[in-house]
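All remarks here apply to the structure that follows.
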Amino acid sequence: MTAQVYGTAREALGDIADGAIVMIGGFGPAGQPVELVEALLEQGAADLVVVSNNAGNGEDALARLIQLGRVRKIVCSFPRQVDSWHFDAAYRAGSIELELVPQGNLAERIRAGGAGIGAFFTPTGYGTPLAEGKETRVLDGVPMVLETAIRADVALVKAYRADGAGNLVYRRTARNFGPVMATAATRTVVQVSEVLPVGAIDPETVVTPGIYVDSVVRLDSTTTLAGARPAAGRATS
Amino acid sequence: MTTTSAAQRLDKAAMAARVAADIAPGSYVNLGIGLPTLVADHLPVGSGITLHTENGLLGMGPSPAPGREDPELINAGKIPVTELPGASYFHQADSFAMMRGGHIDVCVLGAFQVSARGDLANWSTGSPDAVPAVGGAMDLAVGARRTVVMMTLLAKDGTPKLVADCTLPLTGMGCVSRVYTDLAVIDVGPGGARVVETYGVTHAALEDLLGLELGLTDTGED
Amino acid sequence: MTAQVYGTAREALGDIADGAIVMIGGFGPAGQPVELVEALLEQGAADLVVVSNNAGNGEDALARLIQLGRVRKIVCSFPRQVDSWHFDAAYRAGSIELELVPQGNLAERIRAGGAGIGAFFTPTGYGTPLAEGKETRVLDGVPMVLETAIRADVALVKAYRADGAGNLVYRRTARNFGPVMATAATRTVVQVSEVLPVGAIDPETVVTPGIYVDSVVRLDSTTTLAGARPAAGRATS
Amino acid sequence: MTTTSAAQRLDKAAMAARVAADIAPGSYVNLGIGLPTLVADHLPVGSGITLHTENGLLGMGPSPAPGREDPELINAGKIPVTELPGASYFHQADSFAMMRGGHIDVCVLGAFQVSARGDLANWSTGSPDAVPAVGGAMDLAVGARRTVVMMTLLAKDGTPKLVADCTLPLTGMGCVSRVYTDLAVIDVGPGGARVVETYGVTHAALEDLLGLELGLTDTGED
């Protein structure tokens, strides 16, 4: 159904049930939907399964969710960072389950979830501890591992601009996990720095078509650097 | 648990309008080649319904004015179309991911046969000397959240197209949930065929015509 | 290696070996690399395996390749068209092998070929004659068929604009199979209507990154309608 | 069938220059986090070498001038970078498809251990109380057309990092083809370890140091 534009991150987030699977975009600081995760912290859902490349930094909202014991499991490629002390503590205490996934397999499993592909054979991880117990097969001479699709109840994504139809463009390397996560969740909530009228994004340059977007919120804090080049719409010649 | 019954068999336009009436505002819809394309003319203005064409466009508009055709802006039937504000283009893998991943709310397809269980046959006449072709039929059949069929209830030779078991090569198994025809709207699925509405025929006459026992649907609406 | 720009379709095509697997983009008239297929006709390679959504129209170059018996096998979703008489004749005579693939599976198998995915489980085709003999599995409650990746020796693609780095943008529904085929071939040859300087295509709007492109040729005949909206670069606000 | 031998053990910059010297003009290259990032400084101007960073950019440029950092333009090590003319951005699934599909010509990685067969261990120290993290390491190891390693030949505690069999958890099996170190360049693979060049050590001393029998490579070039 058509995307709705909301006035606050909390309203855009809506209700998240206890036990929900929540995808959170971002790679390092780029593309983190900071305010949406803060809204989730405020909203109160617990027993969550989080799918995210990282596992929180310092005292940010994801780190706090973990500290508060509201994340039962995290599906993640790089949880360990210099300032991931809340995750580290929970992991060492055995109070959080970690499914460690190579970054490309994580992205491809999410894409599969959004694309209706149930599972796929990939060479990544073959012969390593992260493929232990998984089905393997040699295809065209290459040994591969079977990896299954990941879907979520909600995806939290940061994009650069939306139009009124929910079409999204991203900015530079902040694009990262947003476009695949947006496809793989029952409900996709997006924070942007600008909402344009329907038709204001060139149809050739749309990265995430509006069909994947349910809720949009414009946040000043999402605004990128002053003077930064726009993500789409620059003359090409 | 009652069915409505119009006095008259529906013509194509009335069938298309009947299909359109079941599509919720704001839906993303794919209309198959042939009869289903007529549904576009009956979608209410301002309903916010967005059309997908699997060759790579979301936000498809009507045919262009004569002389304004663009050979690079066509639908899945290779007919020139237009783009509406808010449209987006994508490649074939992304387009079928959109379909297969369950993101299209409703897909309306034509059919040679539909079974009471919801099996669909719409890609092959089964003729041994025919050159086969499938296109996107199998992807469309299983991909949408809800797949419905729009067809005449009888073939040109008078044989029923709603059947106990498809005899033609299948397009998809148990994928159809409702069939819109000139003589009736009929729900199909694991519970068998159940009549929603009839047009110019009684429930009993419909059963005779099809040689099928038909239930009544619980509700005529989604 | 970096893309090369050539002066003619024949030069861009280069050598194609007998027995090569050749992908040809296009869906109906949109996105057909007409002049590149004509160059293939002229070049002379035989015993080809062609991967293409359609199987030639009228007397076009693909139809002629089939008529001349130079296509051993075609992997195709919709070979039968009102004017596909050369394919029809070859098929009825048993002189061409047809692997009929649902269109979405065709696109996804080509994507898999380009993405290093060996095979994947898809619901499309399950329980139909086109899945006969294929491995099946129920995943998350959905019965699925295992489909394998497709790769090619050469992909022939029509795009709209290239820059000197080989980055491509397409135009409207002519995008169709080009972007996935470009990723799945050892060598990708592209015809465009315009070659721009390196950097003239906004990095946010590139559809096919130059890494996938080997040879480019600019052809006047590829030019789209006069006055048509450019594929990228329109101001978004 | 001869190896060159410099008088001196190479420093980091010389190692990076040596790696760079083997990268053909026009190549697409991914440089791993840590030591391999130094290679960028030694790629000749005008060589047409394009850098890929797996977080979604092809055509990565050097670090920006102070004050010009953009938190949304970073490399896989989360360090601010720049974009060069001809760059393109893409999402994670497309970026790893580019890597996994064999489109990157050369990937240069750091390592804890490399085996003579070309197995790589570079993501886990195997310490039971360590918090694990893998990132893109496993994808990079197996995806590129040619994966090479840049590392000191000995660990800080003096133990060799080129080994008969990796004892640390693997990143990929048989994926490394050449190892660039401070003391030698060594080819690895199904044929075992073969010396290409040594720096300040003799072939025999190298064998002693590693406790491995080392062959000579057929050719020192790609």
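The chains carry the letters A, B, C and D, assigned in the order they are written, with residues numbered from 1 in each.
The rule is short, and it goes like this: contacts are C-beta pairs under 8 Å (C-beta built on N, C-alpha and C of every residue); 3 or more make two chains touch, one makes a residue touch a chain.
Because the structure is a prediction, the values reported are computed rather than measured.
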### Query
Quick one: which chains contact chain B and chain C both?
A
### Task
Report which of C-D and A-D is connected by more C-beta pairs in contact.
A-D
### Task
Report the inter-chain centroid distance for chain A and chain B in whole angstrom, where each centroid is the mean of the CA atoms.
35
### Message
With centres defined as the mean C-alpha position, give me the chain A-chain C separation in Å.
### Response
32
### Query
Between chain A and chain D, what is the separation of their C-alpha centroids in Å?
29
### Residue list for chain A, restricted to those that touch at least two other chains
108, 111, 115-117, 122-123, 170-172, 204, 207
### For chain B, residues that touch 2 or more chains besides their own
57, 83, 89-90, 96-97, 99-100, 143
### Query
Linking chains that touch, what shape results: line, ring, star, complete or other?
other
### Message
On the basis of the stated criterion, which chains touch which? Give every pair.
### Response
A-B, A-C, A-D, B-C, C-D
### Footprint of chain C on chain A - complex, ascending
108, 112, 115-123, 137, 139-140, 142, 144, 148-149, 161, 169-172, 196, 200-202, 204-205, 207, 230-237
### Query
Which of the residues in chain D end up touching chain A in this complex?
53-57, 70-74, 78, 83, 89-93, 95-97, 99-100, 119, 124, 129-139, 142-143, 169-173
### Task
Could you please specify the touching residues of chain C with respect to chain D in the complex?
1-2, 111, 113-117, 163-165, 167, 183-184, 198-199, 203-204, 206, 209-212
### Task
Would you pull the chain B residues touching chain A in the complex into a rising list?
24, 26-28, 48, 50, 52, 57-59, 83, 85-90, 96-105, 143
### Of all residues in chain C, those that touch chain B in their complex
27-31, 77-81, 84, 87-88, 91-92, 98, 100-108, 110-111, 122-130, 143, 170-180, 207, 224-225, 228
